[in-house]
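Both complexes below contain chain A, partnered by chain B and then by chain C.
Take a look at the complex of A and B:
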């Protein structure tokens, strides 16, 4: 299977009559884009703002982030949402590299986060480095929270696709600066090519807990599903979509799934240091039997493929720590070496037990940071969204927002600050 | 919290929660497994009557656990 990501670099944003890209500047036809969102009668207003790296801008509260993409040789993107239901991971995809659609709106109040485009808070989020097209909406009165989540999730995907499609149709292909290729055959053929390399599989845990804590695979809710096996290209080409309203720091946004660094790093080493078998998107259930079932089936898939080792990444914290422990335990007891990637909730002083659960089989742990670490961020000149929302975010409190506009908050209120697929450069130090 | 109440006040405690491994890890002594994280003591999918029956069964089991002498961490499955 061969996937080509055709990347048009984006370094600047500007509003214009129409949406197009020219000389690394992405022009957004504001009226047409806002009109597109308002076609959805679940919204009474839609507003698009632009936020650039280095600006004194804060975006709050953020729900999801989506990279503008479209198939160059096909229709739409995100099968089941805005593309026909077919397999992803093949052919050519246009990527507006450096641009991001950020959806903004207080849905569950405490489970969205913020992005600072400059200042001390900026390095904690990858989205301080992207050129952000920020969509803020107002739902119509009486729209239930779960309907609001669905509407805003779809609006983010739709806007990202609209931007990429307009650029594609305006000839963006001629401005492609880099083509990134991901190519790997089926496991049978790859095993024959690399019989002596260790076989490694990646288990990507996802929050699948209902009540707006959901992840979608080919537009199917993963919660009532079972673990399955994907070719890594499918993950890198729009098979997975975030529907999560959960603590901002460690939710995998849709943008993260498209860029999953564990998938990319395993790919780089494929055929050299290891044989990358594939990706298992798996569940984090709210029922103990569900957790046991997912861990058992993750192991079953890995065993059927003859895996020697596994990398497991968590999403969220708290009860999913048990899923993480069960995965490590089941794999290790079956003789498959496991490495887990997770963040820690070790208290503001870092001295508390950092996971809710523990197991002696979990012998290789990579930390992506302490979600409770306190940070101070200054006032910003411009706020996109709803500044008062900080009082309600996880990691914030009514005292967090000071009169001068500065904030004293836990790290967990910054979007993707401790992303557990290892996107950031944070860690914890043993003392 | 359950351990501290038992240690400091000497009052026996039953913990009803869904994820039993966490209770075992943190040292809860009397454990009654709950149904699911969003609804530990019931199951709305069973309808109001079925839900009430489950709630009653779990609470009665917790009372029994509270009055059962134990000398190690014990899970009251039934």
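Take a look at the complex of A and C:
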């Protein structure tokens, strides 16, 4: 299977009459884009703002981030949402590399976060480095929370696709600066090519707890689903979408799924140091039997493929620590070597135990930071969204927002600051 | 600016004598004595060792309160910006004295403190959370490595430079976790670690598994009809408006509320502030999380004797284990004193 990401670099944003890209500047037709969002009668207003790296701008509360993409040789993106239902991971995809659609609006649930485009909070989030097209909506009065979540999730995907499509149709293909190729055949052929390399599988845990804690695979809710096997290309090409209002620091945004760094890293070393078998998107159930079932099936798939090693990444913290432990335990006891990637909840002083569950088989742990660590962020010149939302965000409190506009908050209120998909360089150490 | 340092050593390193002089009472001398000379040299011109406090190991161990008070007084009089003690290597009494005085100086004078000892020195276990302890070899043969390592840390502290992780700075960690930026991403580190593990090569896990305390459950209630039952929840149910400002996640407190006159929880009197689940239904009927209504019915039927008049509540999401343990111990104590026979804990 061969996937080509045709990347147009974006370094600047500006408003214009129409939406197009020219010389690394993405022009957004503000009126047409806002009109597009307002087609959904669940919103009474839609506003687009632009935020660039280095600006003294804060975006709050952020729900999801989506990279503008569209198939160059096909229709739409995100099958089941804004593309016909078909397999992803093949052919050519246009990517507006460096641009991101950020969704914002009155808080859906407590677990959204903020992005600072500069200052001490900026290095913690990858989205301080992207050129952000920020969509702020207001839901119709009385719109039920789950419907609002659906509407806002879909609006982000829709806007990202609209921008990418307009650019494609305006001839963006001629401005492609880099083509990134991901190519790998089926496991049978790859095994024949690399008989001596260790066979590695990646288990991507997703929050699937219902009640605004959901992840979608080919537009199907993963919660009532079972673990399954994907070709890595599918993940990198829009198979997975975040529907999560889980704690901001460690939710995998849709942008993160598209960029899944563990998939990319395993791919990079495929055929050289290892043989990358594929990706198992799996559940984090709220009941013990569900946790046991997912861990058992993850193992089953890995065993059918003859895996020697596995990387397991968690999403969220607390309750899913048990899923993480079960995965490590089942794999290790079956003789499959495991490494887990997780953040820590070590308390504001860092002196508490970091996990809600532990198991002696979890001997190889990659830490992506302490979600409870306190950071101070200064007031910003411009706020996009609703600054008072910090009082309701996980990691914030009523005292967080000070009169001068500065905030004293836990790291967990910064979007993707401790992403357990391993995107960032942050990690805990003993002091 | 030249910073002022005070150094602490025992009678042996001051050249006063060995075990026969271990009862030597605290004394202060101007400038450097013994190993302080090398410390001064390594500090160059940034800091000066203004004085050395000397005390016999036996004296400090046997008259700890008095020794600590006297030494503290001598140290404070020298107005130091930082304090250094030892190195004590594997000498148990000297390690205790270095750790104890360093911890006391840090606490009372609010200045950075450094000492150094062998990792098995009992002083490590006692004081590693209260002062920086540089890891050294087990005897004075390691002096050549110990002094530069101690001085480097001392210099860093006095210049208020950012302190790195224990394993890189050379001190024994104080049991705390802190986030740092690595050179590689988490994903790269994960693949590196897995390949090392598969090849049987050494690798360093970034978090060693904690050992949890296993609490044996209390024996069953003997006679339910006579039992007083308490309600406890980590489901974030609080009086409307959250009067005690319990945090929506990572709670560091719990609330205790009188329900003696309450028959039912309604959206008018109670709400959920929990930051980890969708509160929609809990806010329509808080009894779904804290089942007071059903408990009142059972109480009226005589299934058990009485509901305890106070219920305890917090939010159990992202709550540090250390806080959770403290809540449990405190609430347990209160229930015991109130002669409660059993408790129902509801989670979410």
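Going forward, the second predicted complex is superposed on the first by the 427 of 431 C-alpha atoms of A that agree within 3 Å, B and C clash if a C-alpha of one lies under 4 Å from a C-alpha of the other, contacts with A are read in each partner's own complex, and residues count from 1 in each chain.
In this section, a contact is a pair of C-beta atoms (placed from the backbone, for glycine too) under 8 Å apart; a residue touches a chain by one contact, two chains touch by 3 or more.
Fair warning: this is a prediction, and the values are worked out from it, not measured in the lab.
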{"item": "Chain C versus chain B on the shared chain A, clash or fit after superposition", "value": "clash"}
{"item": "Which superposed partner A:211 touches (first chain B, second chain C, both, neither)", "value": "both"}
{"item": "Chain B versus chain C as contact partner of A:49, first or second or both or neither", "value": "neither"}
{"item": "Touched partner set for A:326, first chain B, second chain C, both or neither", "value": "first"}
{"item": "More chain A residues in contact - chain B or chain C", "value": "C"}
{"item": "Contacts of A:190 with chain B and chain C, given as first, second, both or neither", "value": "neither"}
{"item": "First, second, both or neither for A:356, with chain B first and chain C second", "value": "both"}
{"item": "Chain B versus chain C as contact partner of A:116, first or second or both or neither", "value": "neither"}
{"item": "First, second, both or neither for A:345, with chain B first and chain C second", "value": "second"}
{"item": "Overlapping contact positions on chain A, where the chain C interface meets the chain B interface", "value": "209, 211, 319, 356, 358-359"}
{"item": "Chain A residues touching chain B - in the complex, by the definition given at the top", "value": "209-211, 286-288, 291, 319, 321-322, 325-326, 356-359"}
{"item": "Residues of chain A that touch chain C when the two form their complex", "value": "109-111, 123, 145, 198, 200, 209, 211-213, 247, 261-262, 264-266, 269, 273-274, 308-311, 313, 317-319, 337-339, 341, 344-356, 358-360, 362-373, 392-399, 410-412, 418-431"}
{"item": "Parts of chain C lying in touch with chain A, wherever the complex brings them together", "value": "163-168, 173-191, 193-195, 197-198, 203, 205-212, 245, 247-250, 252, 275-278, 280, 316-318, 320-323"}
{"item": "In the complex, chain B residues that touch chain A", "value": "18-22, 25-26, 33, 35-38"}
